[in-house]
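The structure's right below; bear with me while I get my questions together.
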Amino acid sequence: MHVQLEGAHARHPAARPEAPDALRGVGLQVDAGEAVALIGPSGAGKTSLLHALGLALPLTQGRLRMNGVEPWALNAAGLRAQRRELLIAPQTPPLPPRQRVVTAVLAGRLPRWGLLKSLASLFYPREAPLAHAALAPLGLADKLWDRVDRLSGGERQRVGLARVLASDTRLWLVDEPLSALDPTRARDALQVLLAAARERGVTLVASLHHVDLALQAFPRVVGLRDGAVQFDLPAAEVTPERLAALYAQHEHELQGPPPVADAPPPGPAPVPMTCR
Amino acid sequence: MHVQLEGAHARHPAARPEAPDALRGVGLQVDAGEAVALIGPSGAGKTSLLHALGLALPLTQGRLRMNGVEPWALNAAGLRAQRRELLIAPQTPPLPPRQRVVTAVLAGRLPRWGLLKSLASLFYPREAPLAHAALAPLGLADKLWDRVDRLSGGERQRVGLARVLASDTRLWLVDEPLSALDPTRARDALQVLLAAARERGVTLVASLHHVDLALQAFPRVVGLRDGAVQFDLPAAEVTPERLAALYAQHEHELQGPPPVADAPPPGPAPVPMTCR
Amino acid sequence: MRHPQLGGAGLRRRRRPGPGHGQQHEDVQRRRSGHHAARLHGPGGPGRPREPLVAGGLGVKPSVKPVLPPPLFNARCKACWFTLAVLALVVASFWSLDLQWAGLFSAEGARAMGRFVAEFWPPDTHAAFLAKLGPAMWETLAMSAVGTALAAAAGLALALPAAAQGGARAVARTGLNALRAVPELVWAALLLIAAGLGPMAGTLALAVHTSGVLGRLFAEALENAPTGPADALRAQGATRVQVFLYATLPTVLPQLLSYTLYRWENNIRAAAVLGVVGAGGLGQLLAFHLGLFHMGKTASILVAMLILVALVDGLSDRLRRWMAR
Amino acid sequence: QTGGVFRITAIPDESPTELARKAAPLVAYLEKQLGMKVEFTPVTDYAAAVETLVNRKVDLAWFGGFTFVQAHVRSGGKVIPIVQREEDEKFRSLFITADPAVKALADLKGKDLSFGSQSSTSGHLMPRHFLIQQGMEPEKTFRRVAYSGAHDATIAAVASGKVAGGALNISVWQKFVDEKKVDPAQVRVIFTTPTYYDYNWTVHADLPKATRDKLTAALLALKADTPEGAEILKLQRATRFVPSKVENYQGIENAARSAGLL
Amino acid sequence: MTSLVQTHPALRDPAWRGRLSWALLALLLAWPLWRATELNPAVLLDPHALSVTGRFLSDFLPPRTDADFLAQVARDTWRTVAMATAGLTLGWLLAVPLALLSVRALSQSSLRGRMGRGPSLVRQGARWVAIVLRSVPELVWALVFVRVVGLGPTAGVLAIALTYGGMLGKVYADILESGDATPARVLLQQGSGRLQAFAYALLPGNAAELSSYTVYRWECAIRSSVVLGFVGAGGLGQAMDSSMKMFNGGEVATMLLVFMALVALADRVSRWLREALA
């Protein structure tokens, strides 16, 4: 799915009046089948951008087009049809307590199911093999019948990813899919996700805090800061300087709070961004 | 606080009967004022170990001693007094919705407060300066009066850390404190945490998925896998081979699942664990 | 509410570079918060510079006082007015009723009450009476269980539109209000005419009124539920019913179940109302024997009710524990 | 104990509003005669009326024969009937029906029957007593036995066809017929019981003798030839009040015991 | 795919058999219950029944609106509201401690895995007190109190207070237990007190639900004021009861309208409260 955002402003309905917009003039264009990583400091607006792309946060200004149509201009039915084509995987997967893994994963297929089938599936999971197929590459095949609230943090997160894999959509908006995973599983999960997207021709936008993985695995990286795009480059052109500028602390964060008394000596020089 | 665990077994009360114990014979000794990083694959039992140390998960076998006493042998009052000396910061901070940041942070001080003071503080936060002082080094000073459910993922996580900083305890058990933070803020937050622990002489045990940060910032690293300690070494002695063994996939994760209809192809060779 | 010093312009203005500026603003802020602190905590209160236990303990010099929240009254104004209104209503109620507490706390009063309660002992356990009690219990159980089950289904069907946005909401809410504004007794009288004497009229009376009650409680539980899981599915284009089945229902199920079971309990007791429609059950027995001062028999009936209620209470506790595991 | 106020209540054999309307002129009259404030509180529960008099939370109560017996037993004989209506010495109950197929009591077998309140003398105890005398144990004879709660409610229930038969007291029936609230062609009387002693005004034995005497005298002095007396007696549906005594109610006590109601 | 389900035991739902047998058991139990209630919808559609019902309903029109009656209704309404408010206030004072004592999520000892013996006894005790308070009918409580305080609103208010104390206590506890218990657990693990954990972890998440239930109970208290008539306290319930017995449709209709207005008002307040708390 081709997605285009022009001069997009957005704010959370519950934001305080004096708070700045979460997105302040974002322009972004993602081609069908492309994979883009979204990086940026905490509070930069990554989640908000994904929500704007996912039709979960309306724009206050600017324009969003999907395959050429403006979804927000559609009627309710059209908007819903459009939503069926995409999937947002939130930062912490909001899984209802007591649900079983199989149900949580299959929920990704709901838009394709009729009412009867969704009802029946609550009693006896239909398409359980599909859920199994989505969990297996993430190393969770043996948790298929467990309850989600009895999983470890990383297991829960992978259940969220399995829902993405099980779904049948054209645009995946994945929010920090690796935050609770150990390095090996993070790497593997990312590979699974990218490979699946490539194979099915799905457009993938993922926000990441693992800068190294992002630069390595994604062809294109977008740096977001203060609700605006700071750079949008092929991974190879993202220099350490750009990264430093992207993640630099706000002045008030640095100065506002007084100099930390005996803060650990300015840190053994900022941890270089390589592993081990 | 000096903590000592010997041959500890523990299981979650709700675990299925056939599931193995979450901890299977863990031995660990942490001196007062020491800082230890806990690493290991997802589902290894890091969270369970922290809960066992934090008196939140009783041992089924083995022995736990804190400053020489066995807390589980104490009566209810003694146990509660012991609990007041420690603090667990969960993986995703369980902040009740609708609470304000200041209240969530000050909740770390509840054990020191009388009932009246805690009730009064709900209406007008007492010790707000303290909450502010805890938030400032984490770069969240300006969110003091916001509601927790209107924060970004990384901001919520830092609120959880601020609660640790605001508390007045002798043992901090921090579960993946950096998972939702960007690299810069992760590094800074870790340093704030370590510095505060060092300065106050607090014992710190933190589980981490950021292996590089763990090796760099902590003097001692414990590798956990399948509910048992695989290594317990000074950071300098943790070799890449050890890490590879620690994070290696289980066989059943790789082979177990039945061949599945349209599973994505195995994906291109796993990304090596170096960056860029 | 506005926090002049925080979150908004104040901070952003301070971001301007230059050491001179930074210094200056820090001073401004210290003065401002000092002012606040003095007003809110009084001199020497928490707003004063403190020894390093707090801030110093963090490795932070207390050079900057945090900005304090807006004045108490402003911040909680809505709550204040509401609390005041409730208090006024309560005071007015007690005042206008002219209640007689005097006798209640005297020893004589306690003795009089005690004598009455003592009359309930011993409960009547004659076989003949127990043989009457058993079927009555069964009838009560049947009427209340079936009535509640019907009501739970109808209540849920009405609660869905009542908790949703849009035009159906107002209609559904009005319907629910009407269903429960009409007391069970009136429903009983109406259904008595339509269905004749007997348990059917009783069951339906319970069902109709209870569906209004459960509909309202369900609707509010649905509205109060955390929306995260539902939002995720909705953003994905799932239909309303699907969102309900896969996200909202599992979240609120314990709440819905506990309301339903609680209402069942209530209906066991409400069966007293149903004696009037000749529906029988424990309610009619109780009214009969209590009216005739058959204290022993009344006690047995009360025990029977207590057993039924405790059973349902235990069931609800069990279910919750099972679900929470 | 009642604080300078003379309190009255009555069993709710009619609706509380009706009771209050009936009581209003009597209250005014007694206030004048006793020289103290008189208060009438209607209740909707027979047992509550009995309990308050037994515990002397009211001074005077309008009781049915059976309620009086209950109060007498519960207080250990500490309540005294002072007066009753002349009609109450020869009171009767009726069985009515609106079902054309029912001609006599026996035709009600296997159908629904409604009594008034379970504590009512004329609406429950005596009709039940006479039914049992005729070998018709209600719980066994009828399909279902309902308790409408009051005599007027019984008439309404029968008239609307909810129940095949109803038992109620003759004076309420007379009132309904007189006021044309019921159509005697549609709702017919199928059985009238023999006479028995019913309603009375009862006081607690601890009421000062002087007050009791004044009260008795005042009630007995009501005559239909003064406008005030006429109004009160008409509302009470009485020709005049006559003295009453405990022994009058022995029959009812026996009936209650044999019906298993006491 | 179906064949996969059959061939791979790993893909067969392990909970299925349990679900099936529970469902069958439930059906087995439900059938005799259903029979006992003699439910037969056909009876309702019988033309004779319909015409009688229609006549009964047409009695309700027009509602009685003469000034005398309206004034009486207004007086009764205030009396009812006052008694409901007073009763509910007293009941609330009783319910809060009962609820706090019986919430498992606030139990220190359950952090050990299961609740200790003593605390478990206290909890059971509190629950039994609540059960007894609410299963003894209001009329019995009213009769207990009428012996001491005489006829009038006091006995009725006390009866409401006791029953509602039991009901509120139970439902409050249920609400607090149905929500997410983790925040409270974390606070307890850290050594906070019970009340502190309640105020800082359970209350913020459940305040809306608790207050909306309380408002609903107030509304119930208004409707259930029939019981107050037993002891001569008057009010709308008593008036409605007697109009109903007299088949006085117009009066009943007027009072029903008042009830509906009160219920709608309560609904409004509850919505406003929830919005303010959300």
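Each chain carries a letter (A, B, C, D and E) given by its place in the written order, and its residues are counted from 1.
Just so we're on the same page, contacts are C-beta pairs under 8 Å (C-beta built on N, C-alpha and C of every residue); 3 or more make two chains touch, one makes a residue touch a chain.
Predicted model, so just to flag it, every value in this text is computed and none were measured.
Participant: Between subunit C and subunit D, how many steps is the shortest route if every step has to go to a touching chain?
Facilitator: Minimum step count, subunit C to subunit D: 1.
Participant: Through how few touching steps can subunit A be joined to subunit C?
Facilitator: So the least number of steps between the two chains is 1.
Participant: Name the chain pair with more contacting C-beta pairs, choosing from A-E and C-E.
Facilitator: Pair with more contacting C-beta pairs, A-E versus C-E: C-E.
Participant: When you average C-alpha coordinates per chain, which one falls nearest the overall C-alpha average? Tell me, please.
Facilitator: Answer for the innermost chain: C.
Participant: What is the distance, in whole Å, between the centres of subunit B and subunit E, each centre taken as the mean of its C-alpha atoms?
Facilitator: Going by mean C-alpha positions, subunit B sits 42 Å from subunit E.
Participant: Roughly how many whole angstrom separate the Cα centroids of subunit B and subunit C?
Facilitator: That gives a centre separation of 36 Å.
Participant: Report the inter-chain centroid distance for subunit B and subunit D in whole angstrom, where each centroid is the mean of the CA atoms.
Facilitator: 78
Participant: When you check subunit A against every other chain, which residues touch at least two of them?
Facilitator: 16, 97, 129-130, 132, 141, 250, 252, 256-258, 260-263
Participant: Could you list the positions in subunit E whose residues touch two or more of the other chains?
Facilitator: As it turns out, subunit E has residues touching two or more other chains at 1, 4, 8, 10-11, 52, 56, 139, 143, 147-150, 152, 180, 226, 241, 278.
Participant: Please set out, as single numbers or ranges, the residues of subunit D touching at least two other chains.
Facilitator: 45, 47, 55, 148-149, 160
Participant: Can you tell me which positions in subunit B touch subunit E when the two form their complex?
Facilitator: Touching subunit E: residues 13, 54-56, 58, 72, 76, 79-88, 90, 94-99, 103, 107-108, 110-111, 113, 115, 118-119, 122, 167, 169, 257-258, 261 of subunit B.
Participant: Which residues, counting only subunit E, touch subunit B once they are in their complex?
Facilitator: Touch residues, subunit E against subunit B: 1, 4, 8, 10-11, 108-109, 111-114, 116, 180, 182-183, 185-193, 195-197, 199-205, 207, 277-278.
Participant: Show which residues of subunit E lie in contact with subunit A when the two form their complex.
Facilitator: Those residues of subunit E that touch subunit A are 1, 4-5, 8, 10-11, 13-16, 19, 180.
Participant: Which stretch or stretches of subunit A touch subunit B in the complex?
Facilitator: Per the stated touch rule, the residues are 12, 14-16, 39-43, 47, 91-92, 129-130, 132-133, 135-137, 139, 141-142, 146, 150, 152-155, 158, 165, 175-176, 179-188, 190-192, 194-196, 199, 209, 211-213, 215-217, 247-250, 252-253, 256-258, 260-264, 267-268, 270-271, 273-276.
Participant: Which residues of subunit C touch subunit D in the complex?
Facilitator: Listed in rising order, the residues are 112, 192-193, 196-198, 275-278, 280, 284, 287-288, 290-293.
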